[in-house]
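In the part that follows, the structures are each spelled out as structure tokens.
First chain A sits with chain B, and in the next complex the same chain sits with chain C.
Take a look at the complex of A and B:
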């Protein structure tokens, strides 16, 4: 869809490359490389924009500041709120939701009501952007994020950069930055194009290599995969309900309320206070539907091991905690009613309505061995480029464990 | 329930009795056949009935009672291929007569004490046959009348609903506590106080399966990590300890091992016919050297255990009986046609018995003399009874429900 839309823009601007013209004259077949060229140019422009702090009010942050490519496109920066939520360009404002990975986000369908009766696709935790293009412009104009006052200001920043002027003109035709609305949308499309490149979705994790027969999983990882496939995980964290998906993103892109408690620490710091209730999907524009309250998009589990903290509000620091949380709904053992990070009860759901009980109440508690196995499996979903990060994390965890052991 | 092939006048009273919801179906004796005897039970009773008539004796209809259990008492449970309602047949192995029956709910676990004084089951019913409110309960039967002597409800429907594994429900040596397994939401063992006829409590256990009691407050389990767990539940909190891991991850132990509580010994076969003797007589489970049921050459030919309950152990004779056949890998639930008899002490093969039928479950009577080998065919719905010494089939009992799978015997020998 994005490709088609981009092509339409390109055609309208009448700047088809020579090869495209030749292609149109002969057959549709040779159009592809030209389209790919256009897409590549757009993605290259998107790449420039992605790393450019000029798109923030004070020039202190770019997309990549919060979506750091070295950290699975999440925000590694520690603030007063830890890494649960991100700090804006003003150096003070804190978001209310955790910065999600951009890895594999291009694989999500556009927002729609699925045959299942559930809303599906879109971007943001609450799906309020229909697709990546719709999403890309929003952080620039969000006062608690990049903080630009309006689209005109963004386009003005672009105009000040000769390289942008050249790139936009090359792709969209002369004076491509002339019209603010159009130029802003083109910038968003470029960012979306960049996020649609294999750099964001390489499918080169250990799990992919295992599926291709290039590597073996350990017994524990295999066990984790078996648990994942047979327990309730796969009811939401799989593209398809059945059949084979070769490019699995480990989300059905639907929305669920799993009863996450408020991240009180964040709410106290970002000024929203404890009275505030995050409506989730019910806050999606035009979706005045109380039955969607508290639902959030099922996130991809790719790179999950290196993109903590977890859940829409970053309330759990450790992946193991995020896995164990699900035991809350299945256990009769008091041990699993405790958040291991706080030593206290999990806390009431922020939105107690619309809980996905059909899926959550599986009737089976995940034992410690299975939690470990699930974590081991989830770690295999780490892209190759982040494997050193994973190794580092594991080493740190092991060191911490040894310290605790030594202390005891 | 089967109908006698020829209903004779003398049996009418018994039929009437059966119609009056008797739990003891004495009529069952009418159709059991005895290959060795020239006269069948039916013929014998016909002759007796005719003689009574000739003498002008009236036949007083009555509810029959069960004779006292002996070493040849054998219980055949019919899970009926997951039907909501099931039956257990109580059979005299020596005569091949069905002595009585008990009704059960969904996938009940029969529990029979070694001295034959407790016949119980852990069962499940629903208020609308297979739907509606579920009730799990323990039912104890009077061994003479088969009337329920206790009906103990289990709170929160804790039973593990699974194809019947004998060791998923069991009794402590003093017959005072019944143990049953809970799989969901996490492994646990339920304690039922039979002495006071009440549910006691659930004990959380690690990721382990099946129960093998050794004392009135102690049982062992087999754990996913390949160890045995010892669970001592006498105190306020259960004490749980683990043995060494005794088998590899790819060494698959079957669901239905043989356990002799009196010998405190489990004989636990793998899919390939390796048998682990697990000694529970010490402080912790100890696994003796594994016995290979088959030679390397036989394994190559495809010999492997198979069936539902493919192993039995005779405590006094110290013999292992393994149901096996030549088979493809992953056909381990299919029936077999041979029983390999192995000296448990030496691991040497004593003999190989050709069963002559497709057998799914075996067991042996525990008496030292006149030992009977039982072979149950789920497909034939028949219990074939063999002389353990000669290996010859001596009688059989047919029409045992819809898919009988489990044979239980008592070990009454001292």
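Take a look at the complex of A and C:
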């Protein structure tokens, strides 16, 4: 006859047996799948956070508002500043830098001083976040972006959502949203995990397909690739100086000042005023180094054709303009001293010091034919999902060209 | 294909200083390895140019073709050692500046403009 006492013993034995089995199971399992599961859960949570406007003060914008997945993770919204810079959650604040793509950002190394003597890696145009996790929380708390007052307010928004409470607890253990600092960091880690998924770095552009032998490039695209390799482009827009890279991101992740002029239109609208100078890398916390002033991270060229406007301040609308800008340094020919978008001179560099003259002054001017070829090549770096955008853009360009032709 | 049609080129993968080393399939000048440089580095005292020309060269060891971006080391008199001129594996599209030798040293430090020798680094895999 089972007494209350023996029942308790049986129950205890049962618990013990279960925990032994669990122990065996976890010791049989290698660490890797467990870590992979954790990463997958984290990425799924990150995906929810990425699209959630509750992480902005007035609840009007999420990460995806400015990093629109349908537009190569850049901001397609027109404001008074065009699409050069983005509008914040308050509906009136404008940034001072162009919203970059999040495509392939997870491939950048953490911020460090490279053997080349140049700083390398990190996130933001000026590298002020060491990595994606360090970056992810900043827009939430930036008053001109998502505008949350502090970390506690962000975590409070998370606590209000039952699904988040469950997800955080499942990944990080009971009461995972209890500690503000920890919970905020975990949310940032989830966003970083999401950005590290293949959704952001699919390597399925025409160029990738060409490298895999699945597709041919046109003669012009192939010529553009040749020009890219032989001219100075590849000195910065390539991971390695030599050798074969199967997952090329078209940036060495270093910082250069290429002498971009001020975007006066943006400065007049965002209140920075014309006296302001963007220090670039020199503004990186703890890096009080005047020799880094004016340097910005070399951006990936993947999806460049569908992520304009260009440069850190969105000063050039057209990809062709961004390409011909480099001719400024290789020739005195007046033709190449003019910004084709304004019909006026390019304008002085915002920071005239620390220009990357060694690379910029390669001595070769890119002819119109080669500019066209380079643009055609750069268009092949468009991820498959954005190829319809590219086709749309090309059709618009052709229609505009025909209108001009008809008018003449 | 065109490679067979050219016939004679028989690339090897053991002697960097020989003109038929596979990476030299479109080299035009002198091999830097013979004058104190290496296959991919300039000899001391010379300056690496940024400009280059590209060829697709076949590597007999792994059966793959690679893009070689030849670059010149400048700022010293021509080495005179291991001269080599190959046009194998060269596609017109890969040689946009053919016939315009003078550009080779552009972009070299200190405006060094005298040709010394050429290096043969890989910059990618040819499709």
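Rule of thumb we're sticking to: the second predicted complex is superposed on the first by the 378 of 408 C-alpha atoms of A that agree within 3 Å, B and C clash if a C-alpha of one lies under 4 Å from a C-alpha of the other, contacts with A are read in each partner's own complex, and residues count from 1 in each chain.
Convention: a contact is a pair of C-beta atoms (placed from the backbone, for glycine too) under 8 Å apart; a residue touches a chain by one contact, two chains touch by 3 or more.
Being a predicted model, the structure only gives us computed values, none of them experimental.
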Partner chain in contact with A:219 - chain B first, chain C second, else both or neither: both
Contacts of A:138 with chain B and chain C, given as first, second, both or neither: neither
Partner with the higher number of touched chain A residues, chain C or chain B: C
Chain B versus chain C as contact partner of A:364, first or second or both or neither: both
Touched partner set for A:243, first chain B, second chain C, both or neither: second
First (chain B), second (chain C), both or neither touched by A:48: neither
Partner chain(s) touched by A:333 [first = chain B, second = chain C, both, neither]: first
Contacts of A:231 with chain B and chain C, given as first, second, both or neither: second
Overlap of the chain B and chain C footprints on chain A, listed as residue numbers: 219, 363-364
Chain A residues within the chain C interface of the complex: 210-213, 219, 222-223, 226-227, 229-232, 234-235, 238, 241-246, 248, 358-359, 361-364, 370
Chain B contact footprint on chain A (complex, rising order): 219, 330-333, 363-365, 367, 369
In the complex, chain C residues that touch chain A: 40, 50-54, 66-67, 69, 93-94, 96-97, 103, 106-107, 109, 121-125, 127
Chain B residues within the chain A interface of the complex: 184-187, 204, 206-207, 224-225, 249
